[in-house]
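In this document, chain identifiers A, B, C, D, E, F, G, H and I correspond to the written order of the chains, with residue numbering beginning at 1 in each.
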């Protein structure tokens, strides 16, 4: 068995000012979420919302922002929004591809497994990349071992698409501004 | 319009029925897991369609969210188990 | 019953005194002398309480005391009438005698667990008194069962395999019959009669169908296993594994007499003699019982073990008493009732003699008794007296009751019973006299020859047996207290 | 109460139930039970019992299945019937 | 089963989702009055969020957030809240669980008091259910040791 | 064993089906079940408990004691699991 | 405070149970006194409730202040309050008794054990107190779940036995729930009193009939009536002593109570007896259960298992009494609920003491137990006599009523079964007593008496409850008349 | 009849279509990984489309936001679940199906 | 006849479902299978209860028109009967509690006997004795 790399949720990443900052952001996020779900805007329910959000924020604010500081995240968020249309397009493409394969009388499937290294470092960017791969035509992220991706591709063509590295660049672009300090977990 | 949603629902029912084939006969555990999560997705939409038909959709959204959530957790649990199985 | 009733705590006191004595016995278990002193004191106290009630009874009153209500309409209650007191007098008096005897016997054989022995002995006496004083069938059953259970440790005192199997048989017969027949009989009685209180003329008259009466009668007849009527007599010979004082008191007096007492109670005060007579059940009863009389004697003839012989003799003699209920006549009843006492004294003498022989000579078999009378003259003389009394030879107490019975059977026009009585008497002599004969006039047996130490055991043993032997003689001449009580009872029944 | 749905879902439920007790592999059986719970949840939502459906979704499909999986993982997957 | 998942994707997604699941669970508890849901369902979801953490991040890591003792205390606390509210009604001279009597205490109309009482018990139920679900899960998945590496020791 | 249980199952099913014969039709709005107790819950829940969700109001208030029992069931299940399984490691 | 007494009876163990695990984390030693405190408060309030009921009649307690058909109602009548006192006091005794056993058997999990103990008691109390069918189900499940856990931590094959129990118990509870559903479907109500008002109009309906069938089957599984008893012996044999002493006497009794409620309160006897032959079926099942139970008990060599089979037979008594469908029979059944609870408690307490001291529950381990543990074995003797039905003990009286009822119902076969079982119980108990009294048969008794002559009695915390229960068995017998006339006669439905 | 209704019909039908293809794929594809492609992708898009359709039909309100949240959730959870299963399959040593010529 | 069957279809289905669970509980030898059977059995009962509650043409038992303060009279007929739902919530909770305890016991059994097959366990128990 290969060596397990266990990543913990480092509270140590959250110190002082950042801690407060992160908590407030978490609280706001949760409160917005609450308001959307609640649909009641009277004092009573809003108070409940505040209390609950505070509780959850107190308990798990560090789960939101484990390895990155929140400073540049507004920008990241915007860039992520910009990334979405492209991704949606890719998803639609992927689905049409799958539909075509499924409806094909004799599906021209030629599965491959691809391995490649990635330059992405942070958790969130890795996850975004991996999920994007999964959602895009003909590929599924099977495993990430030490920054190396194992991707299952349905045929050789999509393999080449992935090989261009366009998606990786886009993902890297999103999280470019973010603090890339990957704090080793203690 | 209800009729339309009903027919969508019936279509989903048929799909569920088809997916049940994989659940019941699907060779091996992995196919079953995949099929169950596929059924989960379809029923998610069916729940919402029922909400539409009952004209009380806000009641059903919570259910479908929980549904999706626990489907997800379940899938993770199963895949974790499958992954760990050989390590014992 | 339609007699003047006095409320008094005396019956309760008499019943409870032995129980209090248990406490003292257990507390003083480390000091044997004190322990036995308590027993004797308790026996004396008990007897005096019982005796103090005699006067009241002579005036034709009855004593009653209600303890607790267990069921709407059913109490645990005491009621002393002449018959009950009659039995109580016998038991409590003989307890004194046997207490002395026990001291001698237990000490000379160096028995184990004496504390337990004395304690359960006292319980047995207490429950026998309870049986005597009970005012209804329920209380009777209660004490009857306690008597059964508390004698179990006495019967199995030896704690060896033989005692164990005998204990099983003992309980099997007694509990089995009482649970299987006696209890349903009581329940049926209650169901039909609506009460369980004893009444002079029975409570079942007109309450149940003829078939039901017969059924109930059979249930009672077999249910009261302590009376050792023939198909259910197996326990009595087996119970002879117990130490001799136990056999003496319990299986000559308390237990078996309690059995016949219960039978008579039931026939007199539950069915009523008229009812039995009208249903022709009395005829059935006396002939059925006659079989036991004859067969019991017959078996006794065959026995080689002294105590076994005595046991079969008891079986036979008990049925004499039951005859009282069947002989629908004044003298018949009187004879049966008086026989409780007469047989009691005679038989206890015999048992104590057997124990004395065991202690003095370590002999159990009749065939080895040759010449023992020369070594233990008092014992064997007492045996002789006792035997004559039991067989019903004048001038001994036993004659009296047999005479009354014979009169009764003539009055009731039951000639065959006369024949039965006569035959039985002959057989009694047939199994007793050889013992007396070989012990005095026979050659010394092997065991007697071998053992030069055979002599009378300690005075604690000899004195009681001599005493009872003399009593059984004296009672012929002065039967007044007992006869008087019996007459009161029988007259109240016949006259009412 | 939509008869058609009702009937269809009931049939699915039946299929799942039969499958869950006939499949030889315990884990598969458990997973099918999960699907069964999903369908039941759907059924109850369809019958108007939203609260029950909610509970079933969270309990039957979620916690119940997870507990079963965990139990199977601590014991064995083997089953003779 | 309870060891950490060594998969960064699953871990990250679970990590980010957990607070949302929790706030959603609290929402379900609090809004049982208006929409389906209530203490039990919310409690289960809350428990599921913790179970998700246990599955993905392993026992050791999650134990830092919620200890065994905490679970035990919470499971008792929930039912105590519930029965305590009931007892409070007895103290206010009502019958057991008669929340209408709370109106004296809170100076509101009885119907509102009942509504609040329901909310209170829902919270109690939620806490208990959450704690119990997690505790059952932990006990079963570790075979009762509540240690991550139990399997390595025994096998 | 299988035959026996099959027989039991069939018997039970027969009893159940026999009982079904007299049942009101499914989804009938006029069944006694909906006539006797439940109308009050529906009509008065709002004014009596100020709660829209009738199920919650019945669960939490009208039959709140059942819910206490239910919570106790859960609690005892948790305690049961701990009692059955929990073991401390020998130090 | 008295008007809140009915709820406080249940609330005390419940809320104390919630705090117990916290105490376990904080200070372990406080758990035991805490539990005792809770249970004694509950007992006190149950007695207050009983007094209140006796003084003022039936108490209606509306939980949440809602009127009956809408809210849940506690209806405390004579039957209820009587069984409440019984359950609370027995569980208090068992709690006292469990101190040393829990320390010995589960030293680490004391707090959890006591929590579940309290929860189980709560379950029993809740079942008894409630007047709502579904509430009954909930508390039934609390009791069952706690019971599963408490049994599962036993020795040997306890987990497997518990699993079977769990499966059976779940079937039973589900059947009960199904019955509730069927009744709800045709009436729309869950309140027992309300149902009994509505149901007479619906007696023609097949649904009602099926509902009754499922109720009875479900309850029969929970109480282990004969063909559905298979789970009981294993489960109670391997359970920890403290558990079996709590569960064995109470679970079955409470189920019988539920059965009485359903047959006589929810359904009118008119329906359940005259339209459906429920009494006939119950009567036959009871007979078979009694005979099967005692015969199987005779075959066992493990005393706990033997007691379990005795329990099965005793269930037959009660069910038979319920099935007699007349006043006397039902009185007997209710009285037997109390008596049997006491007897079975005592049996399992003795078994626990034996396991604690002699280290096992094989019958051979009892050898010489009389010498080593005289007090425990004395208690055992008392309960043995009670099971046989020897008068001053309580077992006699319930048998008394049952047989009277059976005579009234002319159910002869039930009488025969009762008597036969008494006889077999006698054999059974004297079998044990013999072993405990003599030691091994092959040994010479002298050797034995020298061997284990030292008294090695169980600790006081075990002896006190044992003594109390043994005393209670006798007192309940003596005062059974008072109990019947004061409480039970009001508990029997007046329309019988 | 406003504009949103036909739009929502369109989306719903699209969702149904992708569901259908996903299911067909689930049934027809040769091995587990290929089937995962069908469900992982097809279902995500189908769910998204259906959700959009429903929220269009219901009109814009807080409800739509809630539905959007389900969509977001699905968007993250679905690929993750797919990934988790495929990873388990890979680690459990399930050999991906290959075309015959590639097997050599 | 057709009406008769169709009119009560979910009762029939629930009976079938319940019998499946019942059969599994009794005749399956694997303990987990028994638990699964138990689950099915209990859910069948829940189906039955929910079927009782169902009303044609009624809506969910959650009041609409929340804020117009009594202008709309609330009619019982237009809402589904909430009581069975309440009961079933409790029943589901009981179900999951039972499931948890059952699984804990199964774990204990597995630890003790090393198998989950009833017949093998019985054989082992016999062997021990």
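Structural remarks
Keep this in mind: a contact is a pair of C-beta atoms (placed from the backbone, for glycine too) under 8 Å apart; a residue touches a chain by one contact, two chains touch by 3 or more.
Note that the coordinates shown come from a computational prediction; the quantities given were computed from them, not determined experimentally.
With contact taken as defined at the outset, chain E and chain I are each touched by B, D, F, G. Between G-I and F-I, more C-beta contact pairs are found at F-I. With each centre defined as the average position of its C-alpha atoms, the distance from chain B to chain D rounds to 11 Å. Between chain A and chain E the centroid-to-centroid distance comes to 28 Å (mean Cα coordinates, whole Å). Chain D and chain E, compared by their mean Cα positions, are separated by 24 Å. Shown for chain D are the residues in touch with two or more other chains, namely 1, 48, 50-51, 53-55, 58-59, 62-63, 66-67, 70-74. Residues of chain G in contact with at least two other chains: 14, 18, 21, 63-64, 134, 138, 141, 145, 148-149, 152, 184-185, 190. Counting only residues that touch two or more partner chains, chain B has 33, 35, 54, 58-59, 62-63, 65-66, 69-71, 73, 76-78, 80-82, 84-85. Put simply, chain H touches chain E in their complex at residues 73, 76-77, 80, 83-84, 87. Across the interface of their complex, chain E is touched by residues 47-53, 55-57, 59-61, 64-65, 67-68, 70-72, 74-75, 77-79, 81-82, 84-87, 89 of chain F. Chain G meets chain E in the complex at residues 4, 7, 11, 14-15, 18-19, 21-22, 25, 61-65.
If you check the complex, the residues on chain F that touch chain I are 1-2, 5-6, 8-10, 12-13, 16-17, 20, 23, 25-29, 31, 33-34, 37-39, 41-43, 45-47, 52-55, 58-59, 63, 66-67, 69-70, 73-74, 76-78, 80-81, 84-85.
Those residues of chain I whose C-beta lies close enough to touch chain B in the complex are 59-60, 62, 64.
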